[in-house]
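The letters A, B, C, D and E name the chains in turn, as written, and every chain counts its residues from 1.
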Amino acid sequence: MSHRETRGVQLFDLLTLGRGPSHPGPRKEATAGRPIEALPPPAEVVLPLVQHLGDPAVPVVKKGELVRRGQKIAEAAGSGVPLHATINGKVKSIDKQAHPTLVQAQAIVLTSVAEAEATELEFPEDPAWRALGSEEMLARIREAGIVGLGGAAFPTFRKLRLPPGVTVDTLIINGAECEPYLTSDYRLMLAEPRAIVEGARLLARIVGVQRILIGVESDKRDAASALEVAAGEIAADGLDLQVRVVPARYPQGAEKQLVTALTGRVIPPRALPYAVHVVVQNVATAAAVHDAVRFRRPLLDRVVTVTGPGVVQPRNVRAPIGTLLADLVRFCGGLTDQATRVISGGPMMGRALPRLDVPLVKGMNGLVLLTGRGPFEEGYGPCIQCGRCLDACPLGLEPNQVSVRVEAGRATESAEFGALECYECGACAYVCPSQRPLVQFLQVAKSALRKQRENLAAVTR
Amino acid sequence: MSGTPAPRPPFVVTPGPHLRTSESTAGIMWWVNAALLPTTAWGVWVFGPPALEVILGAVAGAVGAEALANRLMKQRLTVKNGSAVCTGLLLALTLPPLVPWWAALIGGVFAILFGKMIFGGLGYNLFNPAMIGRAFMMASFPVAMTIGWSIPRAWYSRLEAITTATPLGVMREHDLQAALHLIGGPEGWFRLLIGLRPGSIGEVSVVLILLGALVLLARGIIRLYAPLGVFFGLALMTSFSGAAWLHMLSGGVWLAAFFMATDYVTAPVTRPGQLVFGVLIGLLTGLIRMWGGYPEGICFAILIANAMVPALDLWFRPGRVQTAGAPS
Amino acid sequence: MSLNVIQPKPRLSGRELVRIVLSMSVACLAGAAVLGLVYLGTDRYRRASAEAAERGAIHDMLGLEADARLLEVRQYLVPGARRVVYRAAPLGATSGTAHEVTFTLDGALAGERDVPVAVPVGKELTPLGRMFVAARAGQPAGFVVQGETRGYKATIRLFVAMKPDFEIVDMRVIELQDDPGLGAEVAQPWFREQYVGRTAEEIARLDVTRDPMPEDWKQALVALARRAPDGPARHRDLLQRERTRPIYAVTGATISSRAVTEGVRKTVDHFRRRWWLLAPHLEGSL
Amino acid sequence: MSRARAWLTAALAALSLAAGTARAAEVRVLSARVVAPSELRLRFSAPLPRADAENFRLTHAQAPDIPIPVSRVRLADGNRVVLTFEQRLMPAEHYRLELADPPLAHDVRPAAWALLLSVMIAAAFINNFVFTRYLGLCIFFGVSKKRDTAIGMGIVFTLVMIFTAMVSWSLDTFVLRPLQLGFFQILVFIGVVASVVQFLDTMLRKTHPVLHRKWGIYLMLITTNCIILAVPLLNAQASNGPLDSLALAIGSGAGFALALFLMSCARERLEYARVPQPFQGLPIAFALAGLFALAFMGFSGLDFFR
Amino acid sequence: MSTVIHPGPAPGARQLILNGIFAENPVFRLALSLCPAVAVTTTVLNGLLLGVAVLFVQVLSSVTVTLAKRLIHPRVRIPVYTVIIAVWVSAIDMSLAAFAPALYAQVGLYVKLIVAFAIIISRLEVFASRQPLVPTFFDGLGMGLGFLLALLMIGAFRELLGSGSFAGIPLVPGKPLLFFALPAGGFFSIALLMALFNWIERRNQGGRAGPAKSAGGHGV
């Protein structure tokens, strides 16, 4: 149970005959049944030097240079990760390019070349891959350029390197893909359960835990059983690995919800999973870790769901990093006439993009093409205190109270209603009958409170 | 490869989340109005054209006042969202059928102007506007509000005098026996249930109110916490009187429990808050009916409980995710 | 401004302290002097106007001429002794004699004496009530009695004025907390005028009806309440028609109307029984 | 040994029998309760020798010379008697019951605590100082903006009110009235208020400086407030006894504190409302108080002795 | 305390009186001491009686203070002011009881409570204790008249709406909106009149943004 309500309350909700707080449905029908299809190598890829949280990578190739798929083209700097060529090609330019989240950023542009000119690098299996020390594994993970593939894009090696004083007893593999429309993790679990399970075991060894919990939402039971089968096929090595089914309910896949659902532990407000002795990794990340440790294969492509009423043929696509979104859409039959909105990521927490000529980056797990002018097109009404947002909020915050305070220009009075703890899952804004942009209200409140806190700190200092 | 060739910029950029429920405030309000229709229709059928006049008067007053206030406050016209209609309708349904239509109109105007718009409109009012309107009418037109009861179906048979008293009024003035006599003996519970008794226009038919309430429950618009609280509180308070069932089935308990105690704006937001709010209404209703100065107390009970709502909202907060459960 | 009082104070010098004390004392003394003077100047008027108001009301209710004698009879209980004392003296008198008559609770005469008005009644006596007797040529010309009853919301106090044969000549509600526009209407002239002209026997059997009051009768009652000399004559037909009918309740306030009727009935009844005992002993005082 | 015990037992039995008969001879009224509309329910310590209507004489305390006719006597069981009268009886009022045989008298009236409670409830709800008497409005509107302030004020207020009411009552009863100095009433009462406030202020400052810092400001606001003065004045006007005065003070204080608390919660919410400009500030607070007053109308006529 | 302290020489009598009636009307603008005053204003006559009582107390206290200001030690001036006000209130109270008993019976308690009206003592503090006799007299008169007028307005409004009469003379049959004669209606009457004052002021300021001064001008 990830949600706050006790059993008693749920029983009572049954009495009300009501549907309870409405949640965005899964809406995954369009792509759930479609296996992952590989995108043919595109004519051009744009590889931004920043696709992760951290310092930008430093290019090690020059314009006009010929590169092979898998070859490192930029070296990691500071806390960052390196970047690799994802197609065989020629460096067309190293300059500012459109970026899905940063608007514009330095990027290496490759144009593809014929098979004859360059061939893909080979990544043979390391026979000793099961016996590596954790430092070696961490180095390989970093070298492979792996970041969190669930959307956060936090460099994985950093997340695995525990801060001093932190002890961890459980590794959680997040297979709860709760965002509506998205099926990339789901299809990956079906297609490569072994890689995920092996990756999970490697991760467990790196952080030194015995217990691995893989959380899968209840609407993906087949994925859960695939993982279970895979786990059974792998020889036991003393690790306790369990696949657990959690209720399908947005936002089950959020770290805090999943940790609570699987372990019963509650991550304190504004804290990381470390606080409850847990490390969380996405299923796709686990698979990538497996590839990196076993084959020293860098992160070259990822599975992305291209879907929504705005695309003709929704698909799950394995595409090289750096592929232009336009190419992805074209692969999926192009846009329908009604398509008006492009969402990078899921429709709840993803962001709207103004254009399609931006590259697929490592953290992008979905591309949702929507119709209409967006939920807040008609303007919003006053808060009618219906309390739906309170029911929807997974953290028990009070978006209604925050929003009226922000509206009245008193954003700083909203701390006690949890503005600072919100991670913007959007569940409240989804249910609000007055169409209030609650996430944005919360953002305003958050920044006002932070500013106030800084000012206070400055004064006391 | 078909369809429009991509790319096709620029696309619409809106803040997230990019999906939204199809529910809207106006939709909810109109559903509530729709759910009130059965009992409204019954009221008109039982009490005849005077009841219709009262309903039209109250609704016209409420809607007119809202439009006027929109104008004065230079707001967008908010009449279409159905909340003014809802206030007017609820007010009318709690009025005696023989109240003059102009009194209902004034009540509707007061309810909207001073119960709602003076605070800035929908969402900001503290008291249930319909109940403010009714209390205002009780203060302003005491006689009409005390004697305006009509014998059910009498309008059609053109009896000489069609005014009468409500069961609760009779119980207050005489005793339980007289009240039982009025509703036709101990078997009268059936009449109370279907709504063949003197009373406010929309309060008489328990069955039809329940029908409307079921619609709202099924659509997830209301929850049962507050209504159950009301029934529990009233039952608790009247259980000593020996006429708890009469108290439960007469007066405006059902209408109030399902349509007023569940009003979003003027009820607490959390479930425990709603439950306590409902119990409070029930207790106060029983208190006023048995020891207070009015035969029917639900209107004032709701208003007094409304006054407690800001405090209840502070006391009953949603269960915040705390550090509890985390091993230290 | 009151905040000034709590500001921390520096230590006072002896001289200053004397000045402060002096300042306060002068203020208090001067204030006391002014108040004393005002009290002496106004108290006489206050008493006089209170008495005049009472006398005026009684005169008005009984329709007396200005020179009519008014006897005030106060009733006391002697606690523990099962006795009641009636003390009769001219209204507002400060000198002269008062006549005291004592009865047992069962109505037997227990004593009778004259005492100077200036002598106050014993502190142990519990006051029970007051009644006023108007006298003309040594004969009672009318009574005004205070009564009370339980209204819809709180106690209603009323004055009932009667002829010597206990026929009601006027009724006034002097204290009432019922709902304005509803129960409070019992104080209106048209309602109270309904009691006027009914005999004690009729009052004893008086009932209240919820029938609507005929409009002509209501208008007549309002007119009659003004006490125009030719009123009864002008409305003779209506009076004849309505006197035998019950009291028309105030619309929507049947309980208050019944309460007032009950109060009038009780007041008349109690007074009759007391007067029956008392009258022979008060002949000298009238 | 056993014989001795037998004697003892017999003696004890005889003794208790004697005591029992003696007690039986002396019948007492254990309880007497008026039940609306016209019943008097009596419970005696022993069965009554006579249960005919003539044996009972009930009078209203204000008319001890006029017995209320008994219409029916019902023996519920041995010690219980229910009298029905021809007139309505009021549970809240004071009657006197006399019996011819055995000769005894009993005062029938509600318990003192019930009357005091009803005084308190009346002062707090029915005649709430703020909502029906308009007293203390300055402070009411002044300190009801913030909930914490309102709570602090409510508590301090109630305490001071009880204190001043009792001191004023003593002065009024033992000094002003006997000396016929009624015209000093206002001066004395406001002096009492000022002294009590000053006294509490000094006490608090000396004993609980922290509390003083928190509540001192409220204390000072109280001096110029009418509500605190109104309680002694009302007590003097109604010639209340010490308990009635205390009950009135507690009830008024609690009613004021409640009003303050509810109003402050409501006003905190109103801070974020879009009140039309001309109504911003005090006008909306007055309108809100008006709506509260409208709601409190529901308490009017509340009477637990009904 | 929002009351403006007048610097320099005192303004003329006319201005002082008008100041009390409009610019610093004790009820509508300063929002002070309106406490119980509004309670009894269900009719014009009640308003008149209470208003006159306040007028007298204000003028007499102001004059007393300004005459006796040399005698009053500054350290105890507040208690002395209180005594002065209490004396005059008692005097007025007794006079009304003696000479207008019928009206006094309805407003008696509230006449006594004038002693706690903040406005009176504040005028003593900010004006009477610093200014000579004549301006003090007119300031007191202005304040008292302002209060009187406010009470008359509220009384008239409530009597007209609540009882359909003016000064006891029935204008319409029946009672139009009895609500306004009740306590709740009293609050609403004041709210409406205050809002009206605010609205007029905003119009006169020509849209200059000034949120109702009375809102901020509260004495606490």
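In this text, contacts are C-beta pairs under 8 Å (C-beta built on N, C-alpha and C of every residue); 3 or more make two chains touch, one makes a residue touch a chain.
Note that the structure is a prediction, hence the values are computed from the model and not measured.
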If every step must land on a chain the current one touches, say how few steps get you from subunit A to subunit B. 1
In terms of C-beta pairs in contact, which of A-D and C-E ranks higher? C-E
Looking at CA centres, what chain is most distant from subunit D? A
At what distance in angstrom does the C-alpha mean of subunit E lie from that of subunit D? 34
Subunit B and subunit C have mean C-alpha positions lying a whole-number Å distance apart equal to 47
Compute the distance, rounded to whole Å, between the mean C-alpha positions of subunit A and subunit E. 69
Would you please write down the residue numbers of subunit D that are in contact with two or more other chains? 183-184, 187, 221, 224, 272, 274, 279, 284, 287, 290-291, 294, 297, 300-301, 303
For subunit C, give me the residues that contact two or more of the other chains. 2, 5, 31, 35, 38-39, 43, 152-153, 179-181
Subunit B residues counted as touching two or more neighbouring chains: 114, 120-121, 124, 136, 139, 141-142, 293
Chain pairs satisfying touch are A-B, A-D, B-C, B-D, B-E, C-D, C-E, D-E
Hey, which residues of subunit C end up touching subunit D in the complex? 2-3, 5-6, 31-32, 35-36, 38-39, 43, 77, 82, 84, 103, 105, 107, 128-129, 148, 150, 152-154, 179, 262, 266, 269-270, 273-274
Where on subunit D is subunit E touching in the complex? 131-139, 141-143, 183-187, 190, 194, 221, 224-230, 233-234, 237, 277-287, 289-291, 293-294, 297
Give the list of subunit C residues in touch with subunit B in this complex. 152-153, 179-182, 251-255
What residues of subunit D sit close enough to touch subunit C in their complex? 59, 62-66, 87-88, 90, 183-184, 187, 198, 201, 216-217, 220-221, 223-224, 300-301, 303
Interfacial residue positions of subunit E with respect to subunit B in the complex: 177-179, 182, 184-185, 188
